[in-house]
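What follows is one structure encoded as structure tokens, with my remarks underneath.
Chain nomenclature is as follows: A, B and C, assigned in order of appearance, with residue numbering initiated at 1 for each chain independently.
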Amino acid sequence: MEIRKLTCISCPMGCPLTVEMEGDEIISVTGNTCKRGDVYARKEVTDPTRIVTSTVKVIGGKADMVSVKTREDVPKGKVFDCVKALKGVEIKAPVHIGDIIVPDAAGTGIDIVATKNVEEV
Amino acid sequence: MYDVIIVGGGVSGAASARELSRYKVSVCVLEKEEDVCCGTSKANSAIVHAGYDAATGSLMAKLNVRGNAMMEQLSRDLDFPFKRIGSLVVCLSEEDMPGLQALYDRGVANGVKDLQILNREEVLAMEPNIVDNVYAALYAPTAGIVCPFNLNIALAENACENGVDFKFDTEVQNIRKTDSGWALDTNQGTYETKYVVNAAGVYSDKLHNMVSEKKIHITPRRGDYCLLDKNAGNHVSKTIFALPTKYGKGVLVSPTIHGNLLIGPTAIDIEDKEGTNTTREGLEQVIGKAGQNVKNLPMRQVITSFAGLRAHEGGHEFLIGELDDAEGFIDCAGIESPGLTSCPAIGEMVANILKEKMGLEEKDNFIATRKGVLDPDTLSREEREELIRKEPAYGNIICRCEMITEGEIIDAIRRPLGARSLDGVKRRTRAGMGRCQSGFCSPRTMEILAREWGVSMSDITKAGGDSKLVVGTNKDTI
Amino acid sequence: MKSYDIVIIGGGPAGLAAAVSAKENGIDSILILERDKELGGILNQCIHNGFGLHTFKEELTGPEYAQRFIDQAEKLGIEYKLNTMVMDISPQKTVTAMNRQEGMFEIQAKAVILAMGCRERSRGALNIPGYRPAGIYSAGTAQRLVNMEGLMPGREVVILGSGDIGLIMARRMTFEGAKVKVVAELMPYSGGLKRNIVQCLDDYGIPLKLSHTVVDIKGRKRLEGVTLAEVDSNGKPIPGTEEFYSCDTLLLSVGLIPENEISNGMGVQMNPVTSGPEVNESLETNIEGVFACGNVLHVHDLVDFVSEEAATAGKNAAAYVKGIRQAGGGRDVRLNPVDGVRYTVPMMVNTARMDENLTIRFRVGGVYKNCYVSTYFDDERVIHRKRQIVAPGEMEEIRLTKEQLLKYPDLETITVKIEEA
């Protein structure tokens, strides 16, 4: 049996959650003071995901950098791979919100897209 | 081969260089830091003392009073900010009156003009924020405040304009006697000269002791300060000193020339000549003592704290003159307070010593004046608009706390001995010196520095040497 | 001199939302003055996600959130000047500003909306002893360098203060290749959102040391390390708890201060608790026709609430310009924050001028668990809401209605307090 300790982020209370697991199966969630804690814990131990945000360099734009994000959540374990996929990436201005910067980042099937408009100089 | 090498680009070295530049003589200043005004000269009370402190008959007393008298004309000639705001030495009890009277008598003996002892009512009428239990005060109307950075920089720039060489990042490691004078070994090679002026501040003992058997010891005496926001700048209108009593020495409270309020210093003897770190004990002392003479100090308005080192020599006297056992080596050592006040007179004295020894003749093309970085606030509205039309950079505010424009920063960089670092820009323009302490303007000032010097952002330093502000680019190590 | 109905100082989220709202409420003559080279304010460097859940019901990054408002402002044809610094504003609402193209110039406004935002508290304000080397940055300055310029301020990082910008920067610096060693927080609780602690620190194994502060800074030219110590309940370092961390970077995330130099200059009355103007239900300051919103009024943790507040200011400024704002009549009811409630915005409500619904925002001074947020109309308790937790890091609100207030024709004071269960 595996014990996972989490802090609930559903509200400022920040309940310390304890999840008992047997393989992939959740045996119990304790420590939560409301139902939201239970929901959060179950998602976080089985399928934790995050949006990754970063920047890449822009060539010939009004700004030197453009901010980017994974269009959707990616598995938590793939976060650093997504960041690494951006290393050395340079993009020519103009860039617009939603433009694909790196397709299918780190094999997640999720594109990394621009989150800012950078016009040409 | 130079005629004179001055070691140290603080106020003493710069004033000496500037005075020497009146004459037909080749002069070089060696400075271990990347800029002038990087040691004692940059971190002190910025006070132009009236001259009642030093022992009557001492060189300190003489140069203090002379320096004070020279400062006003010098500030006009070299365009640096100076104001004669006056000072008060606050006495809190009748039993301390003999001490106050002694200061008065000494001041009169030293030749300080217009001293007055004020009673409680007179003090409070003059300075309503003095503590209610004030008993009397010594009023010295000739005391003033100055911008120590711009005093130092102005002297150096003017010296430079008049032909003095300045070598930065050049640290003297050894001094050797040669047939024709002296050889100074530095981290940038050897410099030869006929005469040496030792204006090395807290390091002046090190240099002195390289050439003389009569050893001296300079103790770095640290002073911690707190600087308050301009909101608090008019809390007092004069420099408020504490009368030293059996309970010790207090701290001063003074407006600065740029309208902040300065409180300090401590006096903590240390051995580390680079020990410019504030300590918790030091800052607590400053905060603790601040209220002894001035009430309702808004200590929540502190925007920064810093520490400076005075070059304290055991005899508490300026050591200026050629060494008996090292001909051609002129000491300018032990320059602690009132060194800033005295610097015009120190420079004059050093130059006179060399003039006599070397039989120097005056140049006919000496440039006696210098214009500082143009402060658009001093212009009329029309002049300012005209300036922006000609130089749009003066319409672009970079430091929003002090309202410093890109034009001023460019001026600070492009002038003789121009700023190379963030602190260099700060000392010349005040950009970054305000309430946000450069949080907003530092990336913008870095960009201007990089552009003007034609280097990359990662070459820009805070204060030269290893003080790089950025270390690389995003993801360069992953 | 040019004149506008409404001049808005600042083109960040508050200024943009105020402009859009004023326009939608019938004012055509609007000018935004922005000191930076683009609209959007600090959102441009807040490239992380988490913005807009309330406003747009989706999770956006800062630049995306800003762009939504910029697009609206552009579509509505709202005028703005970039790279323009406001130098001062007279009590008669003459705005003096400066830029490269026009030099110094004056604009007469009928109404002014203050939306200048805030700045970060610096090291100096904390009196942290030690050297003053390169490598000490406020978190926001580092954020600008990394996110806007692509430059790394350092490789080994200690963060003082667990404000949200500091937490966000812990993750940002980690992504870009730095090692964030520890986050120290003076208080026994974090000043940031729980979500940020989990997703910016816990995710990357970055320890958060509560009740700790920096007691020494080492390094003469470039930072070499800092000493942390635990503090007692008065915030004083406890001798013997010192621990040295070698690092080349110290980021400070120790609080935000509303940037009210211009407001002070024009004589706007300040609330010492918020460091922002004292405003009434219309978000109007003591100077008639001068409104304030966003972080210049009080520091927010969610931009969504800034936008909402700014829209109110814009609407009321529009009403003021059109002269349709009830001037007379009604009662002036004072708000009285006590017992754990540090302040309220607004501080005064006029029962005639107020809209049907009024949101009162406030912050608490400590962490309270299983408590009640209570509202008293004079001596009568009218709201008594159970809360599992309230904390200083999260802004609170209560909602009042005009109908409710009008039931109390003699009402003088509305007291907001925390009551223990």
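Note that in this section a residue touches a chain if its C-beta (ideal position, glycine included) is under 8 Å from a C-beta of that chain, and two chains touch if they have at least 3 such contacts.
None of these values were measured; they are calculated from a predicted model.
S.K.: Between A-C and A-B, flag the pair that has more C-beta pairs in contact.
M.R.: Counting C-beta pairs in contact for A-C and A-B gives the edge to A-C.
S.K.: With centres defined from CA atoms, tell me which chain sits nearest the overall protein centre.
M.R.: Smallest offset from the overall C-alpha mean is found for C.
S.K.: With chain centres taken as the means of their Cα atoms, state the distance from subunit B to subunit C in Å.
M.R.: 39
S.K.: Quick check: how many Å separate the C-alpha centres of subunit A and subunit C?
M.R.: Averaging C-alpha atoms per chain gives centres 26 Å apart.
S.K.: Mind checking the centre-to-centre distance between subunit A and subunit B? Centres are C-alpha means, answer in whole Å.
M.R.: Taking the average C-alpha coordinate of subunit A and of subunit B, the gap between them is 53 Å.
S.K.: List, in ascending order, every residue of subunit A touching at least 2 other chains.
M.R.: Expected reply: 54-55, 65, 83.
S.K.: Do you know which subunit B residues sit against two or more other chains?
M.R.: 474-475, 478
S.K.: Would you please write down the residue numbers of subunit C that are in contact with two or more other chains?
M.R.: 146, 148-150, 175-176
S.K.: Which stretch or stretches of subunit B touch subunit A in the complex?
M.R.: 474-475, 478
S.K.: Which of the residues in subunit B come into contact with subunit C in the complex?
M.R.: Answer in residue numbers: 226-227, 274, 276-280, 282-283, 287, 302-306, 381, 384-385, 388-389, 392-393, 395-397, 400, 403, 435-440, 442-443, 457-458, 461-478.
S.K.: Using the touch rule from the top, collect the residues of subunit C that touch subunit B in their complex.
M.R.: 35, 83, 85, 87, 98-104, 119-120, 122-125, 127, 129-135, 137-138, 140-141, 144-146, 148-155, 175-177, 215-218, 220-222, 237, 248
S.K.: Which bits of subunit A are touching subunit C when the two form their complex?
M.R.: 6-9, 11-14, 33-34, 50-55, 57, 63-65, 67, 69, 76, 79-80, 83, 97, 115-117
S.K.: Going by the contact rule set out above, which residues of subunit A touch subunit B in the complex?
M.R.: Result: residues 54-55, 65, 83-84, 86-88 of subunit A touch subunit B.
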